[in-house]
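Below, each structure is written out as structure tokens.
Two complexes are shown next, each including chain A; its partner changes from chain B in the first to chain C in the second.
What follows is the complex of A and B.
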């Protein structure tokens, strides 16, 4: 066969005739400072613009209970070290996350648009997320002073109450506001010395995974933040019944799973914090009381001179 | 004591390293679930030698360990009402009297490390006296170390003699011979040392002291199990196996049991013929048992501290 000369293209001079195949990112989980695929081998399709069908934007990991278990193991291992890190260091690390996010803001905005947000809303999401991180970075070495107390008591005791991290916290991220909303529940939990396992937004998971990449390059120690994408109704019962999860921060707007969540959580007296109907982009979502959602109060009675 | 003369031993076969790794990988992929898993977990518990071997061991700590050996977990925890006791408690010779009092009448064996554990770098008469005193004090199992330096220098006759003399010093007590495979460099050496120890009178062969890294690996264990199988075929004698050090999870333990079953058969799945030298393994196995019974993942908060 003689080659058809018309189809022979000099690729060195003419690139338009052989359009470059885009290199698509594989969105994976974030567990213990690594980005593994789901152990289950299951994925779900995300379509461009948040549609129910059409052009596939990404294949997203459909995380399993074993992925969740692995994430809890990683979070538990990281928790004592992270809790004992100096407050100032935690503050610096959160600020560093904000810096890294700022540098990648256009990537985040584009990603949010690809999932169906309007460009203006996407930009708002990103700037709100960055500002929220800076805001909570400032709180890291201040919340203890503000919320601790010296208590007047009738006996001759010096009585004081200080805060301690609850431990391993499962965060059910907001479905909408996939970046600012996630950061607004994530930052107060980790600045208080907790380690977290995030169940990311099902409809808008991509910016959560890209945020994990930012965390990974911002000196956040491995295991402090772990992120699972997947089906919330499937994963939530395991989060609720897991004996080694000490708290669940529920920021999804759907109230239906809450009853079952509270019932299962009672088994190990799990703390449940519900954040609902919040405008995550607005400054009103920047609230230091969010830190208290995942703190325990320890009160000490210290005898003083008779 | 007159030195024994080492008989001519049959040559040890050389080990196919790639083959060993492949076989271990294949056996590790077995899936053991549900009832079979619970059975395997309880079997693993009954095979554990709960061990404390530090310079900081106190009578209190040994008592605590013995208490745990007798009752591994709160019987109120899911699945924990019908647990076997562990195989043995393993301590230094000075702690034998304490452990002896605690374990009286429980059926739990009392193992003492002797012969200049962990290095064995002491004169042979001292090491034999160490053994005799441990047996007199009440140990019914002796974990001895071989002189790795002599073995590596090619003086296998010395190693044979020290094992044979220690066996004689043990009297009625069972002798476990620690090869310290982490210091033997090659699988060929492991196989040679295993054959040597079995011919010299070992009742068990054991991988490691736990003070050298790497400690027990599945690969080294497979080589030793195969040596036991060949020795059994040639002589009809039954030798036990004890991997020690680095076995921390229930999943690992089950993989070891699969190897034992596939290499030596059903009869070796018994605490008289197979043991785990481990201290943190027990809690992970207990948590898996509770997980199987309750359906929810467990937390270390509800199990004893090691």
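What follows is the complex of A and C.
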């Protein structure tokens, strides 16, 4: 069922010369560094080529409110440690993710094709995702220098403003750019010390889960990235109203849920960043100002003198 | 443990009155400032603004309603399209420099009116509010033709259009300056509503803006209460909303803007922890605690309203703090000896008194100095609540008065956990003589402004604003510009 296994025939060991029976992958959630099934036991069928019926590509977890809440607990627990990791280390880890993705690029491309992308588009998605990660890896130890300030106050104080992560961020991933789009919203949030819960693309969820495998083997600490597949209209209200979520990055093309999202988010003044109508493969989606969407400015006053 | 004999300043030590004598010109009536003219409200509605120290009326003021808001937004739109956004950036800056200079020239007059209308001590309005307001205009004036340098990698940003701004009663003139200066520098036009208890300095500022010959309609000032503010915020012709006030109203604004694409900044409530470690300079910390909570009668969103003191120095610190509080003079805002002026309004005094009772009812130990209060006007003694539980209302809620809740801690981690155990995140204070601990602690406090070995300092170049439920966005400094610009 999974794209890169069903065509592989190992004739050296297969004495009968009949095709080897493929081993299908079970796609699960990614929470706190583990790959659990949804606690709800629910799933939805994904059909090969993005079709509405036909050959079943995967039974994808239909994540629940409880899954989301578990993911927020994991994200909150991981946040202080990740925030205090050196910028250089965050930079190296993001670069490591790019390296691992490069090594598995043909798997990602095949997986995208299995979900219905054209081969060219699939390859572009993968290379853009890799390059985007390298781009943002380089920002991890530079954005602070570019966007901070030493403020020339009139009184005798040393006064400076730096950026600190907003905290736990829910990311509503782009629906149609399941890898490059996801990486373009994920990287700026985590490189700034936030931990995230991603609501993956409903139509194209497999790349997100496979990306989680890459993150898991690239020294991204457990809980920094958590990933839920499922029904966005069901999950989004839970993300919007969860009182321990500090920000929502909304990168779905559908603007309709925004009003309800903003209304619910007002209850604890979550920061809302909307990334819309973006060509996620193009370089225009690589903007360091996206880092600022999930950063807070802290100003510190320190007296000068005795 | 008491470190010195009980102090009693109510005997031969009492100060002779030292009233500020500058004469000021307050008219009997003020209109709305729309399109460069003072006009009455279309409905004819007015309200009185009173001196909270005497409970006497200072003036009647026109109260804006929907039709007036409509006229003001239209004037602002027209000014935006026809003049202000077309003006060379350097000229926008020069208008702002003019305003700053005129404000400096008339500083004493503004200070006295600010103290009369709002109740704050003249020393504060003279030395803090008015100079800082002028400095704000001066700072942002210089940015007007340098915006291309503000955002690395981006072109010179575009203005947003018409800004609707709603400001509070605790720093009436200063908040007007915080709102107007960056908005105008970036090329926006403004409809601003001062608070209903303190409209006078904003209206005097309107006169000054007219004297500065700012093009008509660039700044419109509409006094009124909540309904007026709501009409401005929700007017479809407004592109950007800036609000300073309570967290409850801020959330309501965020909800009401949910179906729009208006940008907004919110500066909301706070419940700042002022952390005193055992290795702090204690006498200096006492001054900082007093300044943190009793400055401006505690009507400060970033007030240090929670004192977290390391257990080993609790008794010594509290004794010194109580001695210091015995010397605080509560009285006539226009007297230069006054430390704590009048509570801004009767409803606010009632709210504070509600918490004074609630704190005791919930088990905290209330302490007040022996000082006397004037017979007339709205006044409140500076108050400590000792031995507070984390769950106590005086620890949880923003009181917005001269009331300090005291708790203790034993370890650094306990201090940080308690400091951050609040939905607010506007400010914090850290007192220690160890430099390394300063940077560790200031980094751990989840708040937008953190003062180390000082408190309640402000500067136009210094960004201000909250984490969590204390607000969205920053005002002041380079970071305050971004809120009034569109980046390409």
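Here is the rule we use: the second predicted complex is superposed on the first by the 285 of 306 C-alpha atoms of A that agree within 3 Å, B and C clash if a C-alpha of one lies under 4 Å from a C-alpha of the other, contacts with A are read in each partner's own complex, and residues count from 1 in each chain.
Please note the rule applied: contacts are C-beta pairs under 8 Å (C-beta built on N, C-alpha and C of every residue); 3 or more make two chains touch, one makes a residue touch a chain.
Owing to the predicted nature of the structure, the values given are computational and were not obtained by experimental measurement.
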If we overlay the two complexes on their shared chain A, which of chain B and chain C does A:153 touch? Say first, second, both or neither. second
Touch check for A:161: first (chain B), second (chain C), both, or neither? second
Determine, under the contact definition given at the top, whether A:69 touches first (chain B), second (chain C), both, or neither. first
Would you sort A:238 into first (chain B), second (chain C), both or neither based on which partner it touches? first
Thinking of the overlay built on chain A, is A:34 touched by chain B (first), by chain C (second), by both, or by neither? neither
Please work out whether A:142 is in contact with chain B alone, chain C alone, both, or neither, and reply first, second, both or neither. neither
Once the structures are superposed on A, label A:296 by its partner contacts, choosing first (chain B), second (chain C), both or neither. second
Under the stated touch criterion, name the partner, chain B or chain C, that contacts more residues in chain A. C
With the two structures laid over each other on chain A, which partner does A:42 touch: chain B (first), chain C (second), both, or neither? neither
Looking at the overlay, what does A:268 touch: chain B (first), chain C (second), both, or neither? both
Interface residues of chain A shared by chain B and chain C, listed 267-268
Applying the document's contact rule, which stretches of chain A touch chain B when the two form their complex? 69, 72, 76, 238, 241-244, 264, 267-268
Which of the residues in chain B come into contact with chain A in the complex? 295-302
Chain C contact footprint on chain A (complex, rising order): 146, 149, 151-155, 157, 159, 161, 164, 166, 246, 258-263, 265-269, 271, 288-289, 296-303
In the complex, chain C touches chain A at residues 135, 151-154, 247, 250-252, 254-255, 257-259, 266, 268, 423, 438, 442-443, 447-454, 457, 459, 461-465, 467-469, 471-472, 474, 477-479, 487
